[in-house]
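Each of the next two complexes has chain A plus one other chain: chain B in the first, chain C in the second.
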Partner chain A sequence: MNLRRVRAIARKEIIQVWRDPRSLMIVLLMPLMQMALLGYGVNLDIKHVPICVFDREGSQQSQSLMKAFQASPYFQIVEADRDYEAVKRAIDGGRCKMAVVVPPDFSQDLAATNSASVQTILDATDDNTANIARGYAQAVVETFSNDVQTQRLQSMGQQQPNPPAVAEYRVWFNEDLESRDFVIPGIVAMVLALVGAQLTSLTISREWERGTMEVLVSTPVTRMELMAGKILPYFFIGMLDAALCLTIAVFWFEAPFRGAVLTLFVTTSLFLVVVLGVGYFISASIRSQVGASQIALLVTMLPTTLLSGFAFPIDQMPPPVQAVTYLVHSRYYVTILKAIFLKGSGLSDLVWPIAALAAYALVVGILASRAFRKTLG
Partner chain B sequence: MSDAPAGEIRIIADHLTKRFGDFVAVNEVSFEARRGEIIGFLGLNGAGKSTTIRILCGLLRPSGGRAEVAGFDVARYPERVRENIGYMSQKFSLYGDLSVMENLRFFGGVYGVKGARLAERLKFAIEMAGLEGRSDTLVADLSGGWKQRLALGCAVLHEPAILFLDEPTSGVDPESRRRFWDLIYALADEGVCVVITTHYMDEAEYCNRIALINGGRLAALGSPGELKRSAIHGQILLVEGDNPGAMLEALDGAPAVRDVAPFGSSLHIVVDDAVRDLPAIKALLAERGLSWSLIEPIKPTLEDVFVQLVAGDGVHGAAP
Partner chain C sequence: MFGRIYNLVLKEFLQMRRDTYARFRLTVPPLIQMIIFGYAATFEVFNVSTTVLDLDHSQESRELVSRFASNGRFRIVSIAQNPDEVRAAIDRSEATVAIVIQAGFAEELRKGQSAPAQIIVDGTNSNTALIALGYVDEIVSTYAQEVGQDLARRLYAGQPPPPQVSIEPRPWYNPDYNSRWFFVPGVIATLTLVMVVNLTSFAVVREREVGTLEQIMVTPIRPLEFILGKTIPFFCVGLALTALVAGAGTLWFQIPFVGNPFVLLLGTSLYLLSVLGIGLLISTVCSTQQQAFATNFFVINPLFTLSGFSFPISSMPAFMQWLSIINPMTYYLVVIRGTFLKGVGLAVLWPQMSALAALGVALLAMSVLRFRKSLD
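== the complex of A and B ==
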């Protein structure tokens, strides 16, 4: 490998990116836009679920329960109905996701059994939201009946009975259970996968389309020199983009960062080599710029969105799909990033995903260097 | 071979063949080219000129036969071949978004030219292209002739022993073509072996030797003079008149006429003996009521050779 030739190609590539508005946009604007779109767009938290209430009792206690729902950050009462017809219309019309119906014997029941029961009607077209809303509703009602019981015992001058054993939860790594905290590192991985593949996907096909490749292949440049010279500049650009995305993740979206920058640097470099290699492989295999760009988008976007585990947990997928995720490069980087961000993992904790990425880089490198043929036709 | 310079052999093609599926693009082409020689490949589009050049540059693998360029087998040592050649493709092949100097530096880099030699070669290439003071101009902003000369400058930056030029002057104005040929002569004088494809007949005349390619085969090989002497049996009469189409029809197959072909708005007739056959031809045209403004014997051109050898007897009805 002749470094002089690698340098000549790398320098030319940098000049071309700098002078090409389309490339500059991919380099600078695309990661910014994607970070903003995905960072704000992907929110798996459920808050302010619109609900309607149908109070069939109209007692002081039923009103207190309504107030408890109103006070919960998870719900927002959007209407109060007077009959089941109205409740049905509210849910059918999509105005609310859940209806809370207080039965006519609510306070009586509460006094007699120390436990209140209400009816909840859920719009389960989005089953995830419905499930979580049901859980929150249950919690609101339980807290309410406990409070009522405690108050009554106190008013009767009795000592509060020993509460039954309660499991206390302690949440590690994402203490607030904020979905954004674990989604943001995943989004960084996704943006880098997309941008990285785009960066190199044009680099070979552009030369074929413009006719410059015909002369380039007539020079003594070897396949390895060409690959190195083409990937090297985009590696630095990619690292710049990575720094940009990670900065936005930490300082704008306030994702907790507990790991070491060095760990981040090493793993991000490795991941970039993989994604740039994928883009180069596509570019060398497909001789049209548009085709290469589209394929690069397709093969990185879909698997990264669905199978990297950035938003959809891999261990909840059916086993055959789980098996497929092992082929998705971003899966490993998402794992690594989440671990570094939330757990503060170091290199030694991440041996296995790093090894997987390294193996990936090797295979992609071999495929990419072979994909380019120094012959025509 | 009498006109060929007797330098050392730089290119050997031996029964070189290239097939694309069932199509034989290059069919058993054999020739040699020497140091300081300009050899022109002349033929119709699709005749196999470019394919032959691409095989010799190591860009295509031959399907049969073998070729040596600068002493290296093109199929086995393409990289060694590439170190010794310069290549200008049919398509314009410099980077339009790079400046003149950036292009030159890039090719200097990939050809491994460095240090003082690089500085000297850059200066040479700029002067050769006539681009002094414009080294920061983007190549996309240059006009055709400049681009062509700069592309040549890039191709010879590493002082290759052999230069392959695939239709380098297509789409360039005559003045630029003339300047381009001056450069090619200068390079050949320094010993570069130049292989050039063209479909301009006048350009072919500038070559030391011409390889006439037809349907993938080497139809003839020799100096322009040799080709004219060997291909044309007889003499050429130039006929100009108001109605060349009718004259072509009248003369085609007439007793004294061995062959007739349109050349622009005039006709070229091949006869055995111009002085002897001229009256008969004039009589024939007069008989048909066709008037002519000029009939005179001329020296055969390469185009006549081309028509005789390549178009063969398919000339009848060929588009003027």
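== the complex of A and C ==
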């Protein structure tokens, strides 16, 4: 590898990028836009679940139960229905995710047999929302039940027995269980994967478009040198983009950052090399080897979201699918970012994912440098 | 006009028939993705790795731990000897949940005093943590209730039990809260988006690169005719691919289909129109395949991430909810999940259907206009 030739290619690329302010703008604005879109849109918190209520009794007690649901920040009563047909329509149409139905003999039952039940109809097509909403509803009804107990005992002039608290819960690393805190690092990984693909895809495309490919092919530059020279300038732009995304993540979306900047710098540069390499591979092979580029496309596009552990926990997947996730580059970076952000892990804790990324970079580098054919055919 | 469109359609089909490798390329990867993503996309939580530190060694503490062990949602991976080991297990992600029972737990419980055991949950993945907490709460509150009833029996012997209000959950459409039922239709919608946008945008851009587009431009064909001539064959291919992926996914994962297949067919056709429109629009903006690839990546990811596939739209801020109005996948997800699981028909789905139709027409019209410009 001749460093002089690498430098020449890199210099040419920089001049080209510099003289094309429009594409430079795109390259810097795009990650901003994607961070904003995904940062605001990706949210697993389940609050304000739209519910409807069907009070078949209308007693004072049933009304106060309804008030308890109304007061909960997790629910939002959007309609009160008068028959089961209306409840069914509301759930079928997706206007409500849950319906609370109080039976007609609710307070009578409670007075006579000391036990009564409230029906909650859940739209379980979205099993996750339904499951979590059920938990919230359970909590609302439990509190209500305790209040009824206290009132009863007080009216009988008895002291309330100590509530048998058996356990207390502590949540570590993400005390408020904000999904944002764990989703934002994943979004940074996703945006960087997008940006990397965008950056390098333009470099080869431009040569074809402007007709400079012929000139490039006729120079003595080797495939290795060409790749290094083309990736280098975009590496710096990519690092700028990464800094931008991470700044937005920490200061705008207020994701807690507990690690060291150096760890972040080392791992991010490594990931960027991988991402740029994949982008280069796809754009170099897209004309000559449709199959190879399609496979690379498949490995990057959806798996970045679905198989990286960004949203769906990898340890819950069946073992063969877990094996597939090792092929997804963002899997390692998502692991690294989450660890640095939430747990404050250092380089020594992250040896394995870093080694995996380095190996990935090596393989992608070899494949990508070979993908470019010095032919015009 | 129809003659020219017919000829273009014929040409596309001929081209596809001769490209034998394309058949493999178009069918096999989506099928593999269907299976992999079908398994990967789940929020269900099983076998939560749990570590236990029992300093009480009493019957009560063992009883509480055994309820976790036998619940099926938790898997006890280690028994810690001291608090440091608990911390280390959670720090290294070896355990997501830790149960810590201090000495004196049973004694306080018998006296009717609060005897809190500590349950520590790693909140790094907030959703898993939230669901795990739900299961923890179920186990603990059942146990607390039994202890409380025991206590009440001893303290207020002969009196009626304290009043109790319970909840009776009725999960409709998916009685076992099966995550696959929710996600497999979503994966079908996603794969359709990816397949069809890639297929159309690349096909047109490739023609531009190879130079056959110029040949078409010198013929008397008009932009509308060109777009229709491209839309019709790709619509047929897209429909066939969707049917293939949907059939395979439904059979493999045994997803119930309770709705009317014709409603789904109508919804899928309208969705395909919008998706084709996106692909064609991209192809009018890009001049090389590399650009098309980057643009597809740029467009598809937000469309899919913000569609309600996994992140509920109702949890998004208001302006993001407004943005989802122009996302065809949002509507199609309602249609495909509605027909598969709820069995609802046009009476419920008409707003989504009309939105898809409007989006499809608008996108195709935009690509006709853009194409006219790029002819200059």
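In this section, the second predicted complex is superposed on the first by the 335 of 377 C-alpha atoms of A that agree within 3 Å, B and C clash if a C-alpha of one lies under 4 Å from a C-alpha of the other, contacts with A are read in each partner's own complex, and residues count from 1 in each chain.
One rule holds in what follows: a residue touches a chain if its C-beta (ideal position, glycine included) is under 8 Å from a C-beta of that chain, and two chains touch if they have at least 3 such contacts.
As the structure is a prediction and not an experimental result, all values here were calculated from the model.
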Partners on chain A (chain B, chain C) - clash or fit: fit
Partner chain(s) touched by A:Glu214 [first = chain B, second = chain C, both, neither]: first
Partner chain in contact with A:Val321 - chain B first, chain C second, else both or neither: second
Chain B versus chain C as contact partner of A:Ala358, first or second or both or neither: neither
Residue contacts with chain A in the superposition, chain B compared against chain C: C
Contacts of A:Val78 with chain B and chain C, given as first, second, both or neither: neither
Which superposed partner A:Ala243 touches (first chain B, second chain C, both, neither): neither
First, second, both or neither for A:Leu28, with chain B first and chain C second: neither
Which of chain B and chain C A:Leu307 touches, first, second, both or neither: second
Minimum distance between Cα atoms of chain B and chain C in the superposition (Å): 16
Complex contact set, residues of chain C against chain A: 21, 25, 29, 33, 36-37, 39-46, 49, 64, 90-91, 109, 112-131, 133-134, 136-137, 140-141, 143-144, 147-148, 151-152, 155-156, 160-175, 177-179, 181-182, 190, 194, 198, 209, 287-291, 293-294, 296-298, 300-302, 304-306, 310-312, 314-317, 319-320, 323, 334, 337-338, 341-342, 344, 348
Chain A partner contacts - residues on chain B that touch it in the complex: 20, 54, 57-61, 78-79, 82-83, 85, 87-89, 91-98, 102, 105-112, 114, 154-155, 164
Complex contact set, residues of chain A against chain C: 30, 34, 37-38, 40-50, 65, 89, 91-94, 97, 110, 114-132, 134-135, 137-139, 141-142, 144-145, 148-149, 152-153, 158, 161-175, 177-179, 181-182, 190, 194, 197-198, 201-202, 204-205, 208-209, 279, 282-283, 286-287, 290-291, 293-295, 297-298, 300-302, 304-307, 311-313, 315-318, 320-321, 324-325, 338, 342-343
Contact footprint of chain B on chain A as seen in their complex: 2, 4-5, 7-9, 11-12, 15-16, 19-20, 210-212, 214-222, 374-377
